[in-house]
Amino acid sequence: MNEAHLDDSPLKQRLRSIIFGTDTPEGKAFDIVLLISIVASILLISLDTIDSFHADYGNFFLIGEWIFTIIFTFEYVLRLYCSQNRLLYARSFFGIVDLLSILPSYLALIFPGANFALAIRVLRLFRVFRVLKLLRFLADGNLLLKAMLQSSRKVFIFFFSVSLIILVLSVVMYVVEGPNNGFSSIPKSMYWTIVTITTVGYGDITPQTPLGQAIAALTMLIGYSIIAIPTGILTAEISQEMVKVRDLRKCSNCGKAGHDNDAQFCNHCGSELESLASLTQP
Amino acid sequence: MNEAHLDDSPLKQRLRSIIFGTDTPEGKAFDIVLLISIVASILLISLDTIDSFHADYGNFFLIGEWIFTIIFTFEYVLRLYCSQNRLLYARSFFGIVDLLSILPSYLALIFPGANFALAIRVLRLFRVFRVLKLLRFLADGNLLLKAMLQSSRKVFIFFFSVSLIILVLSVVMYVVEGPNNGFSSIPKSMYWTIVTITTVGYGDITPQTPLGQAIAALTMLIGYSIIAIPTGILTAEISQEMVKVRDLRKCSNCGKAGHDNDAQFCNHCGSELESLASLTQP
Amino acid sequence: MNEAHLDDSPLKQRLRSIIFGTDTPEGKAFDIVLLISIVASILLISLDTIDSFHADYGNFFLIGEWIFTIIFTFEYVLRLYCSQNRLLYARSFFGIVDLLSILPSYLALIFPGANFALAIRVLRLFRVFRVLKLLRFLADGNLLLKAMLQSSRKVFIFFFSVSLIILVLSVVMYVVEGPNNGFSSIPKSMYWTIVTITTVGYGDITPQTPLGQAIAALTMLIGYSIIAIPTGILTAEISQEMVKVRDLRKCSNCGKAGHDNDAQFCNHCGSELESLASLTQP
Amino acid sequence: MNEAHLDDSPLKQRLRSIIFGTDTPEGKAFDIVLLISIVASILLISLDTIDSFHADYGNFFLIGEWIFTIIFTFEYVLRLYCSQNRLLYARSFFGIVDLLSILPSYLALIFPGANFALAIRVLRLFRVFRVLKLLRFLADGNLLLKAMLQSSRKVFIFFFSVSLIILVLSVVMYVVEGPNNGFSSIPKSMYWTIVTITTVGYGDITPQTPLGQAIAALTMLIGYSIIAIPTGILTAEISQEMVKVRDLRKCSNCGKAGHDNDAQFCNHCGSELESLASLTQP
């Protein structure tokens, strides 16, 4: 992505190194400014929803909002200009996120009427999805995600089984507690079962009959036990991934593998080792 | 089960390959239609218990219900017809589940009187146990179940110890909080202890005396600590099972074991490896 | 313990084999009768605390109670008679438990006056500690307990750190939420902090000020994170214990170790292995 | 730190061995007296915040408070006197903690006026941070902390992702549940999301609309699942650290590594092993 194309203007190449580069000083500065802008913008939108803050600092929030909108518009135009293939960027996930994070402000400007009150309110809230811009800063090829994908089949079987248990318990509780006590329908009963089996326990719906309380106790103990299963699956996967990373580096002198991640010299013959980064980031 | 018997008619053999087969296109199509029918049927029954939905769409739900009953009846008759041993199927777990998932609809037709109101209501709810038909789609010989069975003795000792702790704490809390504050009997106190030790915490019964709150705090910390034990047991078992699966494949050329589950070639001599599936599914 | 002493009468030896033996048919029968008696007795006492049950079946409960008291008295006398050293048994943990599980019934008989109402009530509840008799059925030298003791130092450091965090957060919340909103004293505030950090969350005391809610959110996230630590410690210990058990059995023919717990033959040379039980139970 | 400097007076050297020494009898006695004083002092301050206790035993608490203040003042002066570099100690973390744990008592003496009521109250509470003095007793270079630091990057990515999820869910719930039902602003909605995703579940704010309850159920299931991730990370790290410690000791006779932490002799050749402590505490 950092390779300069011969047919690009020097300006475009320079801009690209700023926007996409993460190693150059300008690239880092751009990233940090963007990161701060996104976080500040979200903070501002969130605070604006508090009524007393909106009454007192409404105008200040409006000005701040427009400053961020201009910054993000500028960023969007720059990205569009620098892209090798503009349509591809505009249609990509981040292209759409970048557009959606500036659009609501402009739309609110075009339709300022009070007759669209709810629509406007929802629209303004959409700006908070600027948070998705932060996803750019998450390294995508990390160990964690790999372990989760590796165990996705096991996790799916787990959630399928849990759904079965939830459904059966919901029906039983609906029959036992009758349509009273908040267990007014099976979906309501499912909501209670999920609140209980995940050990959240709001207490807005609680069983009143002795039999209901006994089944509730059973539900809790089931939840308490099966909480162990996804942990067990994931831990085993992460352990395996870690061992694999350990085994990745072979000493070029004596051939021994299994060095610690932070080792710099072979612990068998003392010759220098390749850095781990050069192996995992091809 | 998929082996054709010489004395069976070609129709029977064909039907059997559709119903029991999971690799043929017809078998897959049958499975998918069945899966969708079950899920849709359960959804319909659940929504029907919401009063406002029942009032507005009651007739639509009734028609839908009969469509699914006919589908499942058709499936039941087919399975009965195709079975090598019909009595064995009819008596098997899935045979009974299949029957129970169609019976309530017919019974409700026979006894439509309002004088059996509660019985009818319970009967109609029994239809939701159609969910058990989904169990067919769960591979039974999976790693997860094996790890759980392997550690069942340890888990039993764990739950035995937890029951002891719950009982002792229940009695102590019943004595401390008196018969007031919701702790009106030992079973009620046990309900509170389970709600607390599993970290569910409804808040419908809470200790009011300082001593009661101190014991409650102790109960929570115990629950918080022992939540680790089943996780630890299961994780260790799953890790061991994984290592075993790794060690299952031996290279037929150089004899080295311990290949990754997704490895296709021996990482020692480069010769091709047998697929893992051919080893674990005998 | 099962060795017969020459100076004992044949009756004593016979009784001892019944009471302490777990392999002989009589020993097993004795254990099962005792187990059922204890569980039934506790069930009876618990149900008796429910007012409506006590009113309706009070006399039945009283008769049942005396039957169990006679059974446990008989058991106590037998154990005392069979002991090599009677004083040692009477002073041992189980000796005291056995005595305490029969004493309350007799004391209630001696002091039946209504003027000792509370004392009698507490006394009657003491009977529930018969549950401690169940401890006899728990194998004491198990893997789980060993792993927990092995990691006790780490767990102590963990609870010491958690106590520090709880104390600091309690003081902060007491200062922030003022003496209102249920945070009326530091001990009350500590109760709230424990309810929150263990993710129990009764909701009987909740923060009302924005700053208090922010600190509460932080407390929850801390609790959510550190829940991982005891699990991690214990899992690692159990894994190590399991590996040790695997390495315990060496093939007497080729010397290879690391056999599965359920292996009967050496997977290296095919010769029969010693049973694992004969190694772990010296 | 225990090395005596030639230019120090014998008194200073003697005091230093008492204060900093942990192996000598005097050093141990000093540590124990200090530990008990800190815990007793904190207990006293906490109990003093209970109104009824303050009314009845206020004077007793005041006297106790001054005794502990004098003890800690004496300790502070001793430490200052013994330090190689007094300014360095006074500016260090523990130097400031030691000073702050005695200062509030003297300040309350100087400004006893009722017109600073709140300031005084906060000041008196600051004494509870004496709890930080306990940190001295925590070994700093322990395995647990190392595992946590080792995995800090992974844990950071985890919390970054969780923050993203919390923010998105907060906005969605704010839009769905409207400004009613306690979801009056995005920060309030974030508070609810954290209460739910950490499975605390106070129940002070609960969704009322069916859609809101469905999203709440999803939030709980997410929280229930991702609770596994930090556990998995930490467990894998601790396991690795343990294996490393096992591999630390090599038999000086035959060269075999991988001995149990409590092993005293090589399990390969039988020769005595170095103690583990001498290896990990350089």
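For clarity, chains are labelled A, B, C and D in written order, and residue numbers in each chain start from 1.
Please note the rule applied: a residue touches a chain if its C-beta (ideal position, glycine included) is under 8 Å from a C-beta of that chain, and two chains touch if they have at least 3 such contacts.
A quick note: this is a predicted structure, and the numbers were derived from the prediction, not measured.
Asker: Could you quickly compare C-D and A-C and let me know which has more C-beta contacts?
Answerer: Between A-C and C-D, contacts are more numerous in C-D.
Asker: Half is the threshold here, strictly exceeded: which of B-D, A-C or A-D has more than half of its contact pairs identical to A-B by residue number?
Answerer: The pair repeating the interface of A-B is A-D.
Asker: What's the distance between the Cα centroids of chain A and chain C, rounded to whole Å?
Answerer: Once rounded, the distance between the two centres reads 42 Å.
Asker: Determine the centre-to-centre distance between chain C and chain D, using the mean Cα coordinates as centres, and give it in whole Å.
Answerer: 30
Asker: Counting only residues that touch at least 2 other chains, which ones in chain C make the list?
Answerer: 187-188, 190, 199-203, 227, 231, 233, 235, 239
Asker: Which label fits the chain touch graph of this model best, line, ring, star, complete or other?
Answerer: Complete.
Asker: Of all residues in chain A, which touch chain B in the complex?
Answerer: 154, 157-158, 160-161, 164, 167-168, 171, 174-175, 184-188, 190, 196, 199-203, 206, 210, 213-214, 216-217, 220-221, 223-225, 227-229, 231-233, 235-236, 239-240, 244
Asker: Touching residues of chain C toward chain B in the complex: what are they?
Answerer: Residues 42, 45-47, 49-51, 122, 125, 128-129, 131-132, 134-135, 138-139, 142-144, 147, 155, 159, 187-188, 190-191, 194-195, 198-204, 227, 230-231, 233-235, 237-239, 242, 260.
Asker: So in the complex, which bits of chain C are touching chain A?
Answerer: Residues in contact with chain A: 199-203, 231, 235.
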